[in-house]
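Naming follows writing order (A, B and C), and every chain is counted from residue 1.
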Amino acid sequence: MDLTLKIWRQASAKAKGKFESYPISNISADCSFLEMIDILNEKLVRDNIDPVAFDHDCREGICGMCSLYVNGRPHGPDDDITTCQLHMRKFKNGDTITIEPWRAGPFPVIKDLIVDRNAFDKILQDGGFISANTGSAPDANAILIPNREAEQSMDAAACIGCGACVAACKNSSAMLFVSAKISHLALLPQGKAEAAIRAKAMVAKMDELGFGGCTNTGACEAECPKDISISNIARLNREFLCAVILE
Amino acid sequence: MSLTGLFLVVFLCVHLFVNLLTLVDADGSTFNTVAHFMGTNIIMSVMQWVLGAGFILHMLWATVLTLKNRAARPVKYEVSTNSDTSWSSQNMFISGATVLAFLVLHLVNYFYKIKFTELIESGQMSEFELVTSIFQPQYWYFSVIYIISFILLGLHLNHSFQSSFQTLGLNNTSWLPRLKFIGTLYAIVIAVGFSIIPIFFLMKALL
Amino acid sequence: MGTLNSRSPEGHVSQQWTKFKSTCHLVNPANKRKLDIIVVGTGLAGASAAAALGEQGYNVKIFCYQDSPRRAHSIAAQGGINAAKNYQNDGDSVYRLFYDTIKGGDYRARESNVHRLAEVSNLIIDHSVATGVPFARDYGGLLDNRSFGGSQVSRTFYARGQTGQQLLLGAYNSLNRQIKNKTVEMFSRRDVLDIVIIDGKARGIIARNLVTGEIEKHFGHAVCLATGGYGNTYFLSTNAMGSNGSVAWQAYKKGAFFANPCFTQIHPTCIPVHGDYQSKLTLMSESLRNDGRIWVPKKIEDAKRLQKGEIKGSQIPEDDRDYYLERRYPAFGNLVPRDVASRAAKERCDAGFGVNNTGLAVFLDFSDAINRLGKATIEARYGNLFQMYEKIVDENPYETPMMIYPAVHYTMGGLWVDYHLMTTVPGLFALGEANFSDHGANRLGASALMQGLADGYFILPYTIGDFLSKEIGTKRMSTESPEFIEAEKKVSDRIQKLYAIKGNEPADYFHKKLGQVMWEYVGMGRTEESLKKAIELIPKIREEFWSNLKITGNPTEYNPELEKAGRVADFLELGELMARDALNRRESCGGHFREEMQTEDGEAKRDDENFAYVAAWEHKENAVPELHKEPLEYKEVKLVQRNYK
């Protein structure tokens, strides 16, 4: 198929960006979206044009590195996938595809479509862990975890930290991301000991970094490639309120 | 937002209940009795200030939150689909602001006249007569404004009801759909319930 | 040619690690604060090592090329992690895990290391659970296990099809905790481009900040490489796009020996190639072989019709299906080790029985399992994998059988390390996939996660202490020393040299070319002739690379083309060493299959008399690399021909 790509180009964090259009032809429907950009880039290099910079790594939907806002949706027009799993069969011959970087204050653009998501790491550094030193653990079966809790915890732990929730939210709120980690750990008996400190510290960091507040629109859940539920946000609110009230 | 919101949700229930009494009897005596009770009893006099404070807090916090949330996205998207979300949830500030504008009109229409003029006390008009006086064919635009505002209020409530439970952490995967359903039902009841009154009196005068 | 000393402790294999731990030298807490350790790579091995070392009080600096340590490719491991817990009461033990791993590796791994791995395997599960890894549980709340290729017990712990992700996030969380405690400093979006050696010891690294292009110098009393494998030499592999062999290769050039480079694992269950624009291959977890049955048509006519797209797999009647693994290996069936399953698939496809349009695919069928267990159970076990398959291939695997084909997945070879995980350069350690030590010529499923975490959490923290105990008098060195300046200049010069080519083709062009040669001549079946051909062709591509490469932009900005060019330049050298090693090893073992050396029924035929050694290559400037041998002595396990029948 033949397409027109309208891509955000920005030389560096400080530079002013703008959209550029690139025609591209003979794209197979079985080609993945990122492979399509590879093809474009190979052509651009041959034409002496700086290739489009974009984040990607595992290309199988698990590392969370890819991050494009395609035609108004994070990770593009398909459900429960990352951009690297998006295939060109989702588009039609002659389409114009608009590709933008994640837009959020705490995710500044580094170059073109690449944003800095270090803010996520910073939030997790402020409490997204269980304090257990190596070598001090009891036998793994000494802690009984009912199947239901283990499964719910796993549902939340499936978060890949891609930032689609922030990109989709009209408020650039990071609540789904934070709540996924809070839920993952708070649902496990091992994680309960420091659940209150964790919730307070992570929420404080999230606010400090300039993410918006949650107004429960549900856009995050709708766009999450791993189907993380907003019921985790309710759990985060519960954990947080209890932590504040019981203090 | 959620606490003040839920408080206002309760207030709307009471308000709707009292208003619907206008439809009970033709001369409005039940409504007058209740309205008089509401206007004079000590608890209600106190609650009136609490209610005012509730509104103001709700609006202030909404403004703060909206400003903060806008600041969190300094550069907007070129193309945006709003994902798979409701119009209500995406436009709470707009629907809220419209309801606020309506509220000002509403206060001028009734609250001001009852509290700051001698209209009722002098016996010139009963509460019932005051209510119905607005919804006359010659003031058709009031009815239209009121009904449009009720629809927007309904949209505002459609999102806000379940959202407040979510914010208070009183939600989970199984309760989310239930609360959403109750919220939508509540929003419809409020919007339709309030709208019935102008429609009823308008029709009554016309027919 | 020299002989290498593994420094394995004396005594019975089961006592060596205990003895080591009780007698190794220690560093006291006050001195740990004065010692700096550099860790490169944030996968399971790197993240767990940095976390464990940080907990002990060392100053750790950790580097990764991704934007966050959580992206390292360990995250993509799906199936599970082995441990000798024997929770299923099916006869498992440390010895059995040790034995299976040695046997699975076709008797080309070091006994002492593998036994230690089996010993610490249980600690990994305990620690992972304590740090919040949500492993699958049964209804009573106890841990669940599944079985995996190459063993007859169920010893694999798993978290759906995302075990690698969950284990990595566990290590990443612990790493974050140490970053918060300021014992670990994180440097993301950095390419490590050289190792700095001072007075014969590894003392630092040169890194390029990928965002600003700045060249940075970092000092460490010791340097640990946890940089993963070099499977991307083949261009198409299941590795991440950025996975590279460059740091290990620079270490090699600085004197660390490279061991068994030809040992590459071709994973049997990957989604087949579908076009020349393809950038990578996607793995479908080996765990699928638990319930899926692999087959091709019995009749060549059916295969031809499948290839032309005239019929679907589900239309072929049961009697006309050849479940070739079950037929050839009745004891292990679909659960034979990866190398065996891969070669069997290649054999069928080479014979013309392939089932897709390229003729390079076999079926992995779940219809039996769905009938037996119900769709819901299959969905609970493999839902995410099925979804992944459907997104890529656009076919519903619940209804039509999956198509799979082998793809490069893991490299058992790597930097040569002794029992201490130290390379031949003092102070330079290698852990995880980056070293060669534990998997011999073939890695068993669910063993990579085990090895990465064993090295990082439980082995390196001891062995590095033994080394550092002799360094407590070494003051932190200035990064302005002549050695650092020289290494920095070397790195800058190379970047300038790459820019100066000003040719016509982007780096990927050469990478693809190399990949084709590697897959064709150093792939699943290798012959003396094919390997010689590769050794002849690769230098030509390298020459073309250095005369016709094109890089846009400039080195002082974010420049993915420059990153790629540097990595491809190294792959072009590494690929040749792989071919040389494969040519030297005139035997078939594990993933290394020399077609001249096979049994009558087509199985790998080892030559224990001549090749029971680790081939460790030493770099020689402008000359052929020199081979060193570490003889493999089997005291505990008897060398026999592997048999999965």
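Here, contacts are C-beta pairs under 8 Å (C-beta built on N, C-alpha and C of every residue); 3 or more make two chains touch, one makes a residue touch a chain.
The structure presented is a predicted model; accordingly, all values stated were derived computationally and were not measured.
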Most central chain, judged by mean C-alpha position against the global CA mean
A
Between A-C and A-B, name the chain pair that shares the greater number of C-beta pairs in contact.
A-C
List the centre-to-centre spacing of chain B and chain C in whole Å, with centres computed as mean CA coordinates.
64
Here the gap between chain A and chain C, centre to centre from mean Cα coordinates and rounded to Å, is 27
Between chain A and chain B, the Cα-mean centres are separated in Å by 38
Overlap residues in chain A, where contacts from two or more other chains coincide
none
Touching residues (chain side chain C, partner chain A) in the complex
48, 51-52, 55, 66-73, 75-76, 85, 87, 123, 125-132, 134-143, 159-160, 162, 165-166, 169, 172-174, 176-177, 179-180, 186, 188, 211, 238, 240-242, 274-275, 277-280, 282-283, 387-388, 391-392, 394, 457-458, 461, 504-506, 508-509, 550, 552-553, 557-558, 560-561
Which chain A residues qualify as touching chain C in the complex?
11-12, 28, 30-32, 34-36, 38-39, 41-42, 44-46, 48-51, 53, 55-65, 78, 80-81, 85, 87, 89, 110-111, 114, 116-118, 120-121, 124-126, 128-141, 143-147, 150-151, 153-154, 157-158, 160-161, 184-185, 188, 190-191
If we count contacts the way the header does, which residues on chain B are in touch with chain A in the complex?
1, 65, 68-69, 71-86, 89-90, 92, 159, 162-163, 165-173, 176
Taking the complex as given, what residues does chain A use to touch chain B?
6, 8, 19, 69, 71-73, 98, 100, 103-106, 168, 170-173, 210-219, 222-223, 229-231, 233-242
